[in-house]
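Both complexes below contain chain A, partnered by chain B and then by chain C.
This part shows the complex of A and B:
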């Protein structure tokens, strides 16, 4: 019902969402299982429409997007195994809510890349903004440059690897999962974390509330060596491990428990 | 699950504090009782990337005193009734979950065909060539209801 009954000039689709005018781009090239299109001059909606058409409708498993030009919210909510390659830099909220894709970004990204990722791999060749991997639940997120503040805030699973430095409040309220930071960490590392592990190779400006040094064991070594090997990150440096001191929260399998509902 | 019945009442009240996959499905699945039905699951093939990816966070839990794995796609526990070999607890939990998901038995998958508003693969990213659902969602209309004037 786009446009119907609207007094404001804004039209809505059947889901109640704003439906700006958008036409499927005509510059999509398909070669076998590979697809490719130039995003220059396209709207965010057109880019995402093209991605969804290729991945869902056409069964394309390998898509290259040229010139994303820092547009926001690209490749959000892709729930299928596939490969997506951005040749350039997306903006904020890239690759959020994905479940399955393996994404490479030959550039940098803005805030909140891979927010709420369920599974998959996102690799960023340069730096990322604040809130990188916010509320990530699973999968691997690799940033080869520096990142901003609050990396992995509310992280509930998955592995975040940063080859450079991280900003303040990294791992704030982290609940599960792993962060591997090869550079320095800003103030308040792991503040109010519930669980999970943060590995830092560089200097830590300060630890947050209830974040304490943890004991290293063979599983830590296995994890880091495996992640560096499969993502081609070279030889891992020496890390120090930080965990939750468990003095602030009474943590007892919170993740499943908080999801429990009462049925009458 | 706890059941109670007051004297003189024919009805029986049942309260559940956690969601059980069996309750949602109305039945127990054969692979919950037979380890041989999950042994052949290839975890690497079922996950993105070169390791087990998101399954790294899946571990064997316990629910109602029974070993169980948590299905995040339906917020439910899937109980495991066979003896789990020592040292393979998390592996079996992961295989059980993948079997449950790829067979389409997770309640979240059951709901997709009816309720999802956006195109997505029915069986999730674990099954190749799974059909796409959510391409033709229509707003439900209550019979006899008409929109108030002005809307």
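This part shows the complex of A and C:
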């Protein structure tokens, strides 16, 4: 049957994504609690196999990956406290579904970095594509360049900090969490958001449906200063705060168990 | 889900066949069903025609060899009748052909006359444009048509995952902007007002080779350029006229342009340097030709950019 696999092997793999016989790379160097390997010439599965071996099997807590060369889906689903450094640019879906790691990316990333992150820190030294931090539930995601469209779409928690500009539909349907945008924001900022807050230092092209300017209080100042201090981002600029106007969704009709999701 | 790519060298010719093949092969996961190229070699006095006489998966079987030979002879005969002098005519596959001709007449009349031959579809016409497309991944198609040695200034390519129409050449990109010479488009997305624009353009006398929404873009742009608009202006108009989610790349004899819809819903990554501009659905494609860490960016919504050779 097309698209199905089997215990003995793969019956159909037109896109060449499946690597049932991928072998562990031999160029892994270990020094104490640190490990490193060069990903040039390795497949996605080989890179992830090496990462998992070092982190889960060998107890290495600090891994450096050289030359990721924009390959997709690297370091996805790592559920352990550790440090991972990418020297170069991963591709799409990097660090998705992680719970715990502190990741530094000395490069840029493609779409959907840190998607569904539960906890941890992902720091990107350059820019990122669209859907950055989609549906993150916790942790801090810092992008030091510009990002594409729909940053933090469906965000459910955590903090996204962008030092540059963000594109259209940033914060679309975000439900909790914070976004701190140091540059300009594209059209439809915070469209249909349920809750959370978006701070923008630059210009906002337009607000989305039910996104309104919010009232600033001391907790906003404390949050921003704390995040900038922790991540060594220098002095924060002045921000304007945007929140949900609570006119779009029917908040009064929520069940008690759901109510906690929308109350400040 | 499909993948698109484009390169333009602003400092002379390069191995664009090999470059596009590397880019498209790196995006094979976005579509293994068919691969297509629109490449521009050095222009000369000859008109280049790329045409097919049968779909690849219908090119063999009882009597097909004789039928293809008969129809090829008919094409040559018609070229002579319409006043074209054939310089060369070759085939890499038995069903897809490349001809160079001396011809100063109306290209629309030429294309229409040839396409009256049973099974004939003109893939491209122009002084330097050549559209090559076939079933399979980039390395398969490149090997089949010997594109590894193709040198030129710019080109675009497409890998297709068939989602809404057949796995065949008619549905494969790039699309030539019939009947306008040297204009081609690759597209990733869906146009929701396709039928409206198709009817409108058909009323202006255009015909379409496929049922694919992407073909609309090529003809739309060429129609506006024929009215005197620049490629960039025509592409900016398209952002208001075309509904849906799309990113497309258009090429002419000396330009390459990109456009993103107002939602920026479809991906595109851009690398720009003085000698080279490369665009692709995914950065991994750019890394296949620029093998070092480079500064790239995602163009924003409603962004139109055009580069000249």
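Going forward, the second predicted complex is superposed on the first by the 232 of 264 C-alpha atoms of A that agree within 3 Å, B and C clash if a C-alpha of one lies under 4 Å from a C-alpha of the other, contacts with A are read in each partner's own complex, and residues count from 1 in each chain.
Here, a residue touches a chain if its C-beta (ideal position, glycine included) is under 8 Å from a C-beta of that chain, and two chains touch if they have at least 3 such contacts.
From a predicted model like this one, the values you see are computed outputs, not experimental measurements.
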Partner chain(s) touched by A:140 [first = chain B, second = chain C, both, neither]: first
Partner chain(s) touched by A:167 [first = chain B, second = chain C, both, neither]: second
Contacts of A:129 with chain B and chain C, given as first, second, both or neither: second
Which superposed partner A:177 touches (first chain B, second chain C, both, neither): first
Which superposed partner A:121 touches (first chain B, second chain C, both, neither): first
Chain B versus chain C, judged by how many residues of chain A each one touches: B
Partner chain in contact with A:96 - chain B first, chain C second, else both or neither: neither
Intersection of chain A interface sets (partners chain B, chain C): 14-15
Touching residues (chain side chain B, partner chain A) in the complex: 15-19, 23, 47-51, 53-57, 61, 63, 70, 72, 75, 77, 117-121, 124-126, 128, 132, 137-139, 151
Residues of chain A that touch chain C when the two form their complex: 14-17, 69-72, 88-89, 91-92, 107-108, 110-111, 126-127, 129-130, 146, 148-150, 167-169, 186-187
Residue numbers on chain A that touch chain B, as the complex places them: 5, 14-15, 52, 56-57, 77, 79-81, 99-102, 118-121, 137-140, 157-159, 176-177, 226-227, 230, 253, 255-256, 259-264
In the complex, chain C residues that touch chain A: 28-29, 31-33, 137, 262-265, 267, 269, 282-284, 286-287, 293, 295-298, 300-301
